[in-house]
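A short worksheet on the structure shown next.
Order of writing sets the chain letters: A, B and C. Residues in each chain are counted from 1.
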Amino acid sequence: MKNKLLHEVGKILEDLRVKKPLVHHLTNYVTVNDCANVTLAVGASPIMADDIDEVESIASISSALVINIGTLNKRTIASMITAGKKANEINIPVVFDPVGAGASELRNKTTETLLKDVKMSVIRGNMSEIRFVAGLAASTKGVDASESDIENSIEERRSIAEHVARKFGCIAAITGATDIVSDGERTLYLQNGTKLLSSVTGTGCMTTSLIASFCGASHNYLLSAAAGILSMSIAGELAKENSAAKGTGSFHIAIIDEISKINDEVIEKRGNIYEV
Amino acid sequence: MKNKLLHEVGKILEDLRVKKPLVHHLTNYVTVNDCANVTLAVGASPIMADDIDEVESIASISSALVINIGTLNKRTIASMITAGKKANEINIPVVFDPVGAGASELRNKTTETLLKDVKMSVIRGNMSEIRFVAGLAASTKGVDASESDIENSIEERRSIAEHVARKFGCIAAITGATDIVSDGERTLYLQNGTKLLSSVTGTGCMTTSLIASFCGASHNYLLSAAAGILSMSIAGELAKENSAAKGTGSFHIAIIDEISKINDEVIEKRGNIYEV
Amino acid sequence: MKNKLLHEVGKILEDLRVKKPLVHHLTNYVTVNDCANVTLAVGASPIMADDIDEVESIASISSALVINIGTLNKRTIASMITAGKKANEINIPVVFDPVGAGASELRNKTTETLLKDVKMSVIRGNMSEIRFVAGLAASTKGVDASESDIENSIEERRSIAEHVARKFGCIAAITGATDIVSDGERTLYLQNGTKLLSSVTGTGCMTTSLIASFCGASHNYLLSAAAGILSMSIAGELAKENSAAKGTGSFHIAIIDEISKINDEVIEKRGNIYEV
């Protein structure tokens, strides 16, 4: 399966660069600049707009919507719900990043409300966040997955991804050492990346923005989710090889460099993805 | 005219670095860090403050005000109006960046309100945004100019810039392949820069911050607007030559590097500006 | 005293990297990404959360709290007070950065309220900000110390630091050419760093985040404050040596690089700290 999947991912990337989809973000103020720059780097176009009086207009001109609750507040939560409903109505994909779900009641309730009111196309999170989404006990360490959750066996993680995908009729993407992407029927394992990606804030958020960029260019959301994760993981590997010795500041910049240079050849050469 | 104009721009830059004007920003949370760093890089001093209870105090100690509606919301719109009126009252220049004007009713109405309530010294935008300001049909692609608007002939664009400048009694600056700066009487064409500047988010916002930095140091707002645009364009060219091969992350950092190193010699050597 | 102090600082750094404390930030949107990345670079884990409905939950899972008023507004001021009280209740250190205190009534009143309602473990500011905290006349230049305040003699500054430390029962840290850290009894002078640190926005904020990271790993807040300042100052020196010639964008990235590589050896070799 490997070459065929990578070939398809490469094709979606080329499509994305032709279509340049506009990706509407309701996201956090910590990593927003990186989300915008990584969206540009992969070939899409970002727009950040979160006032409730304009999120419907902006969603209407966009090809995909990101909802990221990293620094949620009551004003932006209301905007997220409104934007998500509009995206559903006009049939553009919604990619949800439940940052820190499990870490506070506000994040938990907001996650539940969003999942009830908005049909998500893709939910991407770390193991702790996706455990919360699945209705399982989750122990987060703030916005990072907890050690105990990371230790779930790969079979457990697969079964959680499949459960979430079926429960919400969406693609579930759990990022970690082995990334798992499932639509409830088909499940993909992705094995690129480097632990060093966790030394830079927002590599998860950026992955979500990349997934949304791909979803804005292709109706195959399973492969779009895989493409977004692969792009970040491969960029991380290349950035590590070229820049990690300089430190985490340079590694951060190199991630964006590599995303801007990635193409189908790099993906086919380095990608490690298989269906199980 | 060329050498004289560049010589004057170089002189304003040297003045700016002596005066170190404080530039008050009400701006968006996507590119705010770059706006602050580029303000420092050119030699001015940034302060970001947007609570309605302090914008008047902060404006009062500042030499210029930036109003950028990139991620406007009802709270900050009220603060923008209050800050703008205070700036008018105390006679410091206001530089307005109508980010995404034309893309939503909220942006349109806010732009209209700000133009009605606040006397702007400089309005800088892309072709779609300035078309909206001019009262013409504008088709934006989110926060970027649309393809059709970019195709306006240079004569059309010049006439729109002159119209906006006369209508609002300000400097109108349209940035694009050829930048146009007009006070309604005198019109300058600037031909530096690189398409690559659009691969980094916020190069427009940064240009606005640079313009405000120059306006805070010189009462010649026509030349200050030209100086801000030239600084960004020339920095973009140099950053492209030195760093673009590495990718857009490195190119982004190199833009700020080049702004911090720019001087009158570089401007006189590379600048391409003429009066028409 | 020198070697013993540096040795202790080096030990706290090694502790920090084992404990990986979670550092809750209520901070500004200008420098928040750098604050998060520098927290990761030194070995701690950042979480930014500012909705009043979750700040208590987030504080409860954290090891330290940063309150930074750089872009305060009425919503976040209320959250800061609530978070600070909770941190006091559960006995985690609060590190306060009164950005721009003295520059507006809103900043002044907020600083006073926070100092009344929340017991701070460390207050870090520039000379103008700490003068305001001390109840002395302060003349700020926006968020930077004014020239006149910088000219306070080192003895004056020491006496102000001691006064603030005693008045609020905390560590007072004044950063500048010579940094002063005092608990009211013991006072340390630190003489690393470079003027170039002021050419990048947020190096003060980042220093505050570093102090909080150290405080989250050690109950010796005097040394933790010194450790945070030393880390930034030494990183600044190394970044200057390696990258300053490229410009301030590269210098900015190099600061984070150096923080991520700093260790007890570098601190013992380059640190310049003495007790007076």
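Keep in mind that, in the parts below, a residue touches a chain if its C-beta (ideal position, glycine included) is under 8 Å from a C-beta of that chain, and two chains touch if they have at least 3 such contacts.
Going by UniProt, the chains are A, B, C = Hydroxyethylthiazole kinase.
If you're wondering where the values come from, they're calculated on a predicted model, not measured in any experiment.
Q: Could you check if the interface between copies subunit B (Hydroxyethylthiazole kinase) and subunit C (Hydroxyethylthiazole kinase) is built from the same residues on both sides, meaning over half shared, or from different ones?
A: different
Q: What angle, rounded to the nearest 5°, describes the rotation that places the Cα atoms of subunit A (Hydroxyethylthiazole kinase) on subunit C (Hydroxyethylthiazole kinase)?
A: 120
Q: What whole-number Å value describes the gap between the mean CA coordinates of subunit B (Hydroxyethylthiazole kinase) and subunit C (Hydroxyethylthiazole kinase)?
A: 33
Q: What are the residues of subunit A (Hydroxyethylthiazole kinase) that contact at least two other chains?
A: Residues 29, 33, 252-253 of subunit A (Hydroxyethylthiazole kinase) each touch two or more of the other chains.
Q: Can you list the residues on subunit A (Hydroxyethylthiazole kinase) that touch subunit B (Hydroxyethylthiazole kinase) in the complex?
A: Within the complex, subunit A (Hydroxyethylthiazole kinase) touches subunit B (Hydroxyethylthiazole kinase) at residues 22, 29, 32-33, 36-37, 40-41, 45-51, 53-54, 57-58, 61-62, 75, 252-261.
Q: Under the touch definition given earlier, write down the residues of subunit A (Hydroxyethylthiazole kinase) that touch subunit C (Hydroxyethylthiazole kinase) in their complex.
A: Contacts found on subunit A (Hydroxyethylthiazole kinase): 28-31, 33-34, 70-74, 100, 103-107, 141-144, 198-202, 246-250, 252-253.
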